[in-house]
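Shared between the two complexes below is subunit A, which pairs with subunit B and subunit C, respectively.
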Partner chain A sequence: MARKTLSVLLMDPPYESNNTPTALRVIDAALRKGHNVNVFAYEGAVALTLKGQAPHPNPVKGTTVEQQQHPTPKDWIAALMKSVQGDQKIDWINCGLCVDERGAGDWIEGARRGSPADFAKMADASNQTLVIATR
Partner chain B sequence: MAKTLSIVECAYRGTIEEQDDTVLWFNQAMVNAGFEVDVLLRGNAVNYAVRGQDVSGLRFGAASLDNPPHIDKDVEWFQAKNRTVYVVAEDLADRGIDRAELVEPVKVVPRAEVARIVTGYDRVYNW
Partner chain C sequence: MANYVLVESRDPFEYQDAQAFYDLARDLTKAGNKVTFYLVQNGVIPARRGCRFERVAELAQAGVSVIADDFSLRERAIPTGKLHDKVTVSNVDALVDLLMQDGTKAIWH
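For the complex of A and B:
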């Protein structure tokens, strides 16, 4: 299958919407098929790659942090970044102004800063683009 | 002690990342702290009472979700604590959910009865 490029715009912050795991499933599926993926994180979605996300225990269920195995979106995204093979690419751009207004600039390795113009360039260079907006 | 009814309508918002519904969790924490809290599921949240929900097997690259949410079990949790969970009948019907699919024992109530139920509580929180 010829390699194609998918671009995805995300807008929801972590832990707020099931749009995010669904979008990451789409991205995972595209990467597993060998395609390239671009992601533009806009507004609250810039927090998805925050390095400081930490798993916690669940006092309601009486579980320790080890038992709870609480997932963090930044670990999911890091796993997606590590999953690329050979010259396959995943390019993750966080909206710079969204980052500044939130003070949300401490990211995992692999994310970079950009602007809506970068999203437009991504879309131009892609076979398909998905905008998954906040509702 | 004041009796509280939590009406839950917003559903499946961050449930994968959180491993539960944050509103149900908040109410569980209040119950665990000794407060009398019942729950009424309406709108899309009526699906929380459907038995056998399973999102296991989710993976992103090499990262797997090894402890997925079990929201139907969280609904049953309230009953185990002697709390009541109401479910609006019309909202089940609108979504094609049969009562036989629900965890036991939630209390299915007609929409017209919700106003009367509300009057039985000192505090009502609409989530």
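For the complex of A and C:
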């Protein structure tokens, strides 16, 4: 199968919406099928790649960090970035205006800064574009 | 005629605007397009057999291919044997294949 390119626009911040894990599942499937993937993180979604995300215990339940097995979106995204094979690409762009508004610029390796104009270029150069708007 | 993939993530009992998305799927099909309606997240709720929201059956009868996401069903403890008989079960791998077909137009709601 010929390699194609899927672009995805995300808007939801971490831990807010079922859209985020679903989108990451779609991105994972596209990567496993050998496609290239572009992601444009807009508004609250720029926090998905924040390096400082940390799992936590649950003092109410008395469980430890290990028992909680608390996932972090930045670890899921880092795993997606590591999963690319050969010359396959995943390009993750965080909207710079949204980053500055939120002071949310300390990201994991692999994310980069861009603007909505980059999303237009992504969509133009892709075989498919999914816009997953917030509710 | 075009291929459309409409991804419905919303439960129509929670979001009234889901009705408009069902309308869109029906009308695109009536206009001669091939439409896949992929139910995901709480969008799978009306895929249950006997659900009082009957528009899933209406879409299927209109010729829309209605698919429920297997992961979303498992998350919500909805057994596949309890689904409307016109609904098929699939997964995001198949969704990606549909999305990446040349000329397919995709809308997420």
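In this text, the second predicted complex is superposed on the first by the 135 of 135 C-alpha atoms of A that agree within 3 Å, B and C clash if a C-alpha of one lies under 4 Å from a C-alpha of the other, contacts with A are read in each partner's own complex, and residues count from 1 in each chain.
The definition used in the following text is that a residue touches a chain if its C-beta (ideal position, glycine included) is under 8 Å from a C-beta of that chain, and two chains touch if they have at least 3 such contacts.
Bear in mind the structure is a predicted one, so any value in this text is a computation, not a measurement.
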Which superposed partner A:Q68 touches (first subunit B, second subunit C, both, neither): first
Which superposed partner A:K82 touches (first subunit B, second subunit C, both, neither): first
Which of subunit B and subunit C A:L130 touches, first, second, both or neither: second
Contacts of A:A54 with subunit B and subunit C, given as first, second, both or neither: neither
More subunit A residues in contact - subunit B or subunit C: B
Partner chain in contact with A:K33 - subunit B first, subunit C second, else both or neither: second
Touched partner set for A:A117, first subunit B, second subunit C, both or neither: neither
Which superposed partner A:N18 touches (first subunit B, second subunit C, both, neither): both
Touched partner set for A:K4, first subunit B, second subunit C, both or neither: second
On subunit A, positions contacted by subunit B and by subunit C: 18, 25, 28
Subunit A residues touching subunit C - in the complex, by the definition given at the top: 4, 6, 18-19, 22, 25-26, 28-30, 32-33, 35, 127-133, 135
Contact footprint of subunit A on subunit C as seen in their complex: 7, 9-10, 15, 40-42, 71-72, 91-93, 95-97, 99-100, 102, 104, 106, 108
Complex contacts: residues of subunit B adjacent to subunit A: 12-20, 22, 25, 28-29, 32, 58-63, 65-67
Subunit B-touching residues of subunit A, taken from the complex the two chains share: 14-18, 20-21, 24-25, 27-28, 31, 58-60, 67-73, 75-83
